[in-house]
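Starting off with a structure, shown below.
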Amino acid sequence: MEFLVNMEVQLPADLPAQEKERLTRAEADRAAELARCGALVRLWRVPGRRANWGLWRAADATELHDALASLPMFPHLAIQVNALAAHPNDPT
Amino acid sequence: MEFLVNMEVQLPADLPAQEKERLTRAEADRAAELARCGALVRLWRVPGRRANWGLWRAADATELHDALASLPMFPHLAIQVNALAAHPNDPT
Amino acid sequence: MEFLVNMEVQLPADLPAQEKERLTRAEADRAAELARCGALVRLWRVPGRRANWGLWRAADATELHDALASLPMFPHLAIQVNALAAHPNDPT
Amino acid sequence: MEFLVNMEVQLPADLPAQEKERLTRAEADRAAELARCGALVRLWRVPGRRANWGLWRAADATELHDALASLPMFPHLAIQVNALAAHPNDPT
Amino acid sequence: MEFLVNMEVQLPADLPAQEKERLTRAEADRAAELARCGALVRLWRVPGRRANWGLWRAADATELHDALASLPMFPHLAIQVNALAAHPNDPT
Amino acid sequence: MEFLVNMEVQLPADLPAQEKERLTRAEADRAAELARCGALVRLWRVPGRRANWGLWRAADATELHDALASLPMFPHLAIQVNALAAHPNDPT
Amino acid sequence: MEFLVNMEVQLPADLPAQEKERLTRAEADRAAELARCGALVRLWRVPGRRANWGLWRAADATELHDALASLPMFPHLAIQVNALAAHPNDPT
Amino acid sequence: MEFLVNMEVQLPADLPAQEKERLTRAEADRAAELARCGALVRLWRVPGRRANWGLWRAADATELHDALASLPMFPHLAIQVNALAAHPNDPT
Amino acid sequence: MEFLVNMEVQLPADLPAQEKERLTRAEADRAAELARCGALVRLWRVPGRRANWGLWRAADATELHDALASLPMFPHLAIQVNALAAHPNDPT
Amino acid sequence: MEFLVNMEVQLPADLPAQEKERLTRAEADRAAELARCGALVRLWRVPGRRANWGLWRAADATELHDALASLPMFPHLAIQVNALAAHPNDPT
């Protein structure tokens, strides 16, 4: 099952630059793992914001939650999940 | 450039069933054409609604508008366009 | 997978009373079928409104959409779907 | 009487990890008690969020408030209560 | 149990004046009955609107719904129900 | 003139428990005075929230503001005022 | 007591031009009367809309409602009333 | 003074195609006139919608309203006006 | 040109009482100056809130901004500006 | 491709005045550079707010994001991007 997920990154204003860099690298590493195992399909940046739209794949909402909660930035993310159904006109 | 597009189909309550079927078929045909030329990349149904999320590709917002306006149901669609930027963690 | 579904019934103002009764009976019949096959688990009325909250079960969002779209009142329903994940504190 | 309750957990950013764990355990214990006495009927996680939907049972809104206010995390919860009425098509 | 109820009256634009008057009288009659049996406690007009705030009393949300649905104007009312809990500082 | 007033209590997260208790007692005392002088007519808790709905009486909005601003918790209250007009179907 | 009132004019799309002109003239006449008796103090157009902001004066919300309901266009107006309190920095 | 103006075109569903074309041509003609006299500075389409953003210039809000109200489609436009102030970093 | 301006005062929770008083006095002084020069025409308090509605006069939005930005509390104000156009039914 | 961009500046309340001035100067310098290279076309202040509307030009949303993210105040900006399509009635 596919999900369209919107994330806003809300880092605390007083987060040290070093910790921010560490988090950003860890996030990239975990995203790469989630991509390799097929959970994260596509990821786009919302222009002008520390926010993204992602296409995710999971057996169900529980497995999706576990994938999202495994992101190092999860405590700083405001996430909205949209469950997707198949559309007869989908090109794939 | 990619766009994330949300469409709500708002057919008039008094549209004859035959016209509705004709529109639905014409919409499927045009969607297939737009998929073949690379404008329509993915399409998902919003569960429970006559609505969809689509991933579209176009040179710019003007070309995107022309693609969307070429849909037979365009006069009955409430459309929201989200411009997408590249994200460093995108798997593709 | 479970879903929490909110429905607002929006019947046309000029729907004849007889058609309204027929629709209401047909809706009850279909709801009973969906309950028997395990798709519809619980249903509550929103007090003061022609609206309801329902707990639904389906393999995924596509199967859920098919169940919802099989309701005779579907063309008159404004539906919002919330995908549900398992919670460790759930009593069941 | 049944209530559909939505909770968003809003823990302070600077809450020590140990206190967060203690709160989470205490919350699970109290939820189990409320389930045993029939106040908490079902609990689901909102995927991607520290939030949940719950089905609660209480004599009235005052008794419901007392149950909710007895949760150890209550000072950190943003709660929305929906009163539920019986629906003729409810399977149970 | 008490409920705070907001109603917006949405009469069809083409409702004949005579039918509107009949409805208004019937509504007043039914409101008086509901007041006599203790269901309707107070009623205020929202200034500038065909809308009102009401204080209602009912055993639960199901009984409240039955009272509201018994209003002749019910098909034309957009109703929002707020369940009320006892407050320790309530003067009564 | 009557007013329907909604208050959300927004105490600072770091308010010492003792100061919170003192404020709560002072608020109860002032509410009792405002009830005695006829300004505060009814008060209900919004279930699940540190919030309330109140029925207030004042000569006009200026007198109402003075009553509300006299509450010890006023600096921590987010208040919405609804002016009420007489309704012909009001039971009283 | 003063009130800040926002009105959106929502005339039916099929209102004959002649009836629209008649209504506009009648509205102007009634507005002039309400100005003469001191109920309507100022009136501004919202640029680009058939809408206005008005400063109104009335003994209370009931008297204000009666003034607003006396406008010939009242059945076609969506009105929002803001009760105003005296401000110590008001120039008058 | 400059204004940023958002317009949504809301043509009646039953407007004959011929009348729609006539209106569209008349709108283009009037827009050209307003551009020549300096009232309309720029105009962009909102992709996917019958809507536009425009940069307008007028002595004040009254003159702006007169320009907007002179558009043949004005009765079918939902318009939002944003007054603009000079910014020290403006390139022009 | 006239503007209808809404301000919400959002003082930091930890502002010392003395600084708050100083700001309030300075605000009153500056408001009096702006009234004398004709910029501030009327000011009303929103009952129950540290907020106000004001009627302001300025050559254009830039001059209005300068007047608003000259208020000592400006850094703590959330301001919404509504440009006003002349209405034919305005009493003045 | 052109974009209409809305920015709200949200500086931390405890930012030292000197750092605020430095940021403001750096922002002006970077805005001038972005104007010289054609990325920033126009900039207007939203009256009464630390906010602006800007007309930006970029090859696509990714290039736009890079321009916006290069602003010294970027970490303190809440940005909304509107993609613009060509309109046949545009004067230029």
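Order of writing sets the labels: A, B, C, D, E, F, G, H, I and J. Residues in every chain begin at 1.
Everything that follows uses one rule, which is that a contact is a pair of C-beta atoms (placed from the backbone, for glycine too) under 8 Å apart; a residue touches a chain by one contact, two chains touch by 3 or more.
Quantities reported herein were computed from a predicted structural model and do not represent experimental measurements.
Novice: List every chain that touches both chain B and chain D.
Specialist: Looking at chain D and chain B together, the chains touching each of them are A, C.
Novice: Give the chains in contact with both chain F and chain J, ordered by label.
Specialist: I
Novice: Looking at C-alpha means, what's the farthest chain from chain B?
Specialist: Max centre-to-centre separation from chain B belongs to F.
Novice: Let me check something: if the centre of a chain is the mean of its CA atoms, which chain is farthest from chain A?
Specialist: Looking at centroid distances, G is the chain farthest away.
Novice: Equivalent interface to A-D, which of H-J, B-H or H-I, with over half of contact pairs matching by residue number?
Specialist: Copy of the A-D interface among the listed pairs: B-H.
Novice: Just give me the whole-number Å value for how far the CA centre of chain D lies from that of chain E.
Specialist: Chain D and chain E have C-alpha centres separated by 30 Å.
Novice: Express in whole angstrom the distance between the two chain centres, defined as the mean CA positions of chain C and chain H.
Specialist: So the centroids are 43 Å from each other.
Novice: Taking the mean of the C-alpha atoms as each chain's centre, how many Å separate chain G from chain J?
Specialist: Inter-chain centre distance comes to 39 Å.
Novice: Roughly how many whole angstrom separate the Cα centroids of chain B and chain F?
Specialist: That pair's centroid distance is 50 Å.
Novice: Indicate the residues of chain G shared as contacts by at least two other chains.
Specialist: As it turns out, chain G has residues touching two or more other chains at 3, 45-47, 61-62, 64-65, 81, 83-86.
Novice: For this structure, enumerate the chain pairs that meet the touch criterion.
Specialist: Contacting pairs: A-B, A-C, A-D, A-J, B-C, B-H, B-J, C-D, C-E, D-E, D-F, E-F, E-G, F-G, F-I, G-H, G-I, H-I, H-J, I-J.
Novice: With touch defined as at the start, can you tell me which chain A residues reach chain D in the complex?
Specialist: 3, 5, 12, 61-62, 64-65, 68, 77-81
Novice: Which of the residues in chain G come into contact with chain F in the complex?
Specialist: On the chain G side, the touching residues are 1, 3, 60-62, 64-65, 81, 83-86.
Novice: Write out the stretch or stretches of chain I touching chain G in their complex.
Specialist: 2, 4, 27-28, 31-32, 35, 40-47, 52-53, 55, 82-92
Novice: Show which residues of chain D lie in contact with chain A when the two form their complex.
Specialist: 13, 45-49
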